[in-house]
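What follows is a group of structures, each given as structure tokens.
Shared between the two complexes below is subunit A, which has subunit B as its partner in the first and subunit C in the second.
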Partner chain A sequence: MTQEDVIRMTNEVFADSFEIPKEKLVPEANIFNDLGLDSLDIVDLVVALQKKFGVVIRSDERVRTIRSLGDIYQFIATINKEMNK
Partner chain B sequence: MSFRKVVITGLGAISPLGNSVGELISGLEGQKSAVECIAEWENYKGMRSMVAAPVRLENEKLIPRHNRRSMGRLSIFATQAAQEAIKDALLSSEDLTSGKLGCIISSTMGSAESIAEAFEIMGPGKDLSLLPSTKFFQCISHSAAMNVAQYLGITGVVMAPCSACASALQSIGLGYDLIRLGRQDLTICGGAEGLHPSVVGSFDILYATSSNYNNTPKNTPRPFDVKRDGLVCGEGSGILVLEEYEHARKRGAKIYAEIIGYNTCGNGDHVSESNRDAIISCIRQSIASSGISAQDIDYINAHATATIQGDKEEAFAIREIFGGDTPVSSLKGYMGHTLGASGAIELIASLIMMQKSRIYPTLNLQEPDKDCQGINHVMKLMDKSINILLKNCFAFGGINATLICKKCLA
Partner chain C sequence: MQIVKIAFLNIVFYSLFISFSSFAIPALGVLLIIFFIIFPRRQTMKRLRREISWYGAVIIRILPFPLVRLEVKDYSKEPVSAPCLFICNHRSASDPFLLAVFPYEIVQIVNIWPFRLPVLGFAAKLAGYLSVRELPFEEFFKRTSRLINDGVCIASFPEGTRSRDNSMGQFHGAIFRVALATKIPIVPVCITGNEKIPPVGSPFLRPGLIKIRILPALTYQEYGSFSPYKLKNYVRDILIKESALMDQNK
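What follows is the complex of A and B.
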């Protein structure tokens, strides 16, 4: 999976699950302040990312440090690398 | 102890006949049936009834995602109906957030569609981690009340006296009590229901649904008719704004009617069979609470769902109390039984009948069954002044509710 795939698929999650316009989906966007997600949405974000990428991140402490869309791109890429080791 | 006077100042309806009070009334005026064949229910083994009265869900995305995410189908209906009722009553945002306005809306259960989805998601792998965070909020029993209150910013009493097909009328009765006792000045009250095969199936396995008209859906349900064969499920929401009379008068609100009587009771006898004695008791106590006599009532909007047993019991009770003079009609033939919403949608229609001095007849009633005779069935449009009307609702669990409204000549 390329980094472009990660970005495209993550953006699809935000567009489909949270109805966020594509023009707002930039790496520096804060998922709380800029994209309007709240605590309930984070639960759904985890479920949607697990489904989209076939990963298990529900109990991963690193999820708590995510603030921006770019953080998610990086986190998913890292998880993919760890799974492929 | 003196009670405060309670009036109705706003109406909103999402119904199988259309998504506004205007469309509801237009459908009734046109003697239109919203019942249709639901072919995909043939996929359910054992389902006999293939007819229903669905709502055309539209404009749901006008509700912001943050509110909509916790709403199942019935909560969306309730929110849309509440918006219409608030607009009709000309309530301000200050009214909604004052703490003096309550929100009492209930349904048979939380969204059946959402409950089914939840089990489909976690069922196969018994995996709870796949459940969306807001699924529970769509499924809980007070989903409609909670969602409408959250959406509108209501900080007064929020309650949901869920009682299946008496849900809406019990909600209106509770809202009435809260105002007349001085606990609230305003209440947004009513019921909501979402159509789903699991709901229809619950009646179908009891042989309470209509199944002889699957190819001619407009001919069913047939309340009080000799050829009736059961109820047809519908869906939607009816919401009324109730208001303390002086509060309404001071702000120059339009007043549809005054609520003058209400009663609800159990039959203590059977969970699914209507009981004529309990219905008689419920109606008599509601009349007693209103300080009028049975002869003062100009129109009865019956519960009559077109089940063999229920219609017979209600007809007996009406005959016993009112004799054969008071006009009676059921609206189930137009839009099926909207279950938890029926008490509110049909009360709204009855209030418009009062306003127009016109009674809509029982659609599909062609020949009253001998068990249902001896009461004044309205079988064609009747122009008649209605000063006082009575609305009945009966529910699984042996629950009865009756509400009485009087034209308010403020």
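What follows is the complex of A and C.
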């Protein structure tokens, strides 16, 4: 999976699950302050990401450090690399 | 001249506030104890919540008048019946008192600090007000659902904290998840003009006109298909538009 695939699929999750317009989905967007997600939305987001990418991230401590959309792209890419090793 | 007005307002307001509270709180307390003895718990709780509203109404409508005035406009298409959910923007520490304009039994969802206020914090706890930050979501959901089943209205300030520049903060979605599950009407309430009554970080009131607009209720038929995220932002957008109009005196 390329970085472009990760970005496209992550943006699809945000568009489908939260109906966030595409123009707001930029890597530097803070998921709390700019996109308006709260802790309960994060639970929904994690479930949607797990389903989309076929990964298990719920118990991954690194999820707690995520702040921006760019962090999510990076995190998903890292998880994918780890799975393919 | 403005400084004299502010000084006069605060001296008069706080003198009356202390005098009134010294009389009203013990009197309402005694009344409540009598109610606890005579009536079932449910009726007593209803009485306590209404007493809090009366107290708030005096504090906000009478004590600072005429230097602080209150203008309430109801834009409801039709009268809303309890239980319902009031969603308010949050610019000032006086906001919780302003909910006294509603003739309903209300439980407010508050931050941690109101519970730390002497006497008033105790009354809020006794009345079952909910400190959302101290409750796990499951417990918060259970308690609010139970209140709604009892016919109690819920009032929430989903920004969670007061705005420092009049912009609308992002909304927390917990209460909107409760609304979706219990299907109660959501009434957006826009409050402006009290940004300096009192300003953030100061106990001193400034003279001014506080405006409250009660906007048309959203029914479950209107919002039932929304996700919690979409619903909270839909209500937030309504309040952003209305507060912008109100700030321009429209």
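Everything below uses one rule, namely that the second predicted complex is superposed on the first by the 85 of 85 C-alpha atoms of A that agree within 3 Å, B and C clash if a C-alpha of one lies under 4 Å from a C-alpha of the other, contacts with A are read in each partner's own complex, and residues count from 1 in each chain.
As a convention for this text, contacts are C-beta pairs under 8 Å (C-beta built on N, C-alpha and C of every residue); 3 or more make two chains touch, one makes a residue touch a chain.
Small disclaimer: the values here were computed from a predicted structure and weren't measured.
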Using the superposition on subunit A, decide if subunit B and subunit C clash or fit.
clash
With both complexes overlaid on chain A, does A:Phe18 touch subunit B (first), subunit C (second), both or neither?
both
Would you sort A:Phe32 into first (subunit B), second (subunit C), both or neither based on which partner it touches?
second
Once the shared chain is lined up, is A:Val47 touching subunit B (first), subunit C (second), both, or neither of them?
first
Is A:Arg58 in contact with subunit B, with subunit C, with both, or with neither (first, second, both, neither)?
first
On subunit A, the residue positions that both subunit B and subunit C contact, one per complex
18-19, 36, 38, 40-41, 44
Quick check: in the complex, which residue numbers of subunit A touch subunit C?
17-19, 32-33, 36-38, 40-41, 44
Given the complex with subunit A, which residues does subunit B contribute to the contact?
65-66, 69, 129-134
Parts of subunit C lying in touch with subunit A, wherever the complex brings them together
137, 170-174, 177, 227-230, 232-233, 236
Sites on subunit A touched by subunit B in the complex:
18-19, 36, 38, 40-41, 43-44, 47, 50-51, 58
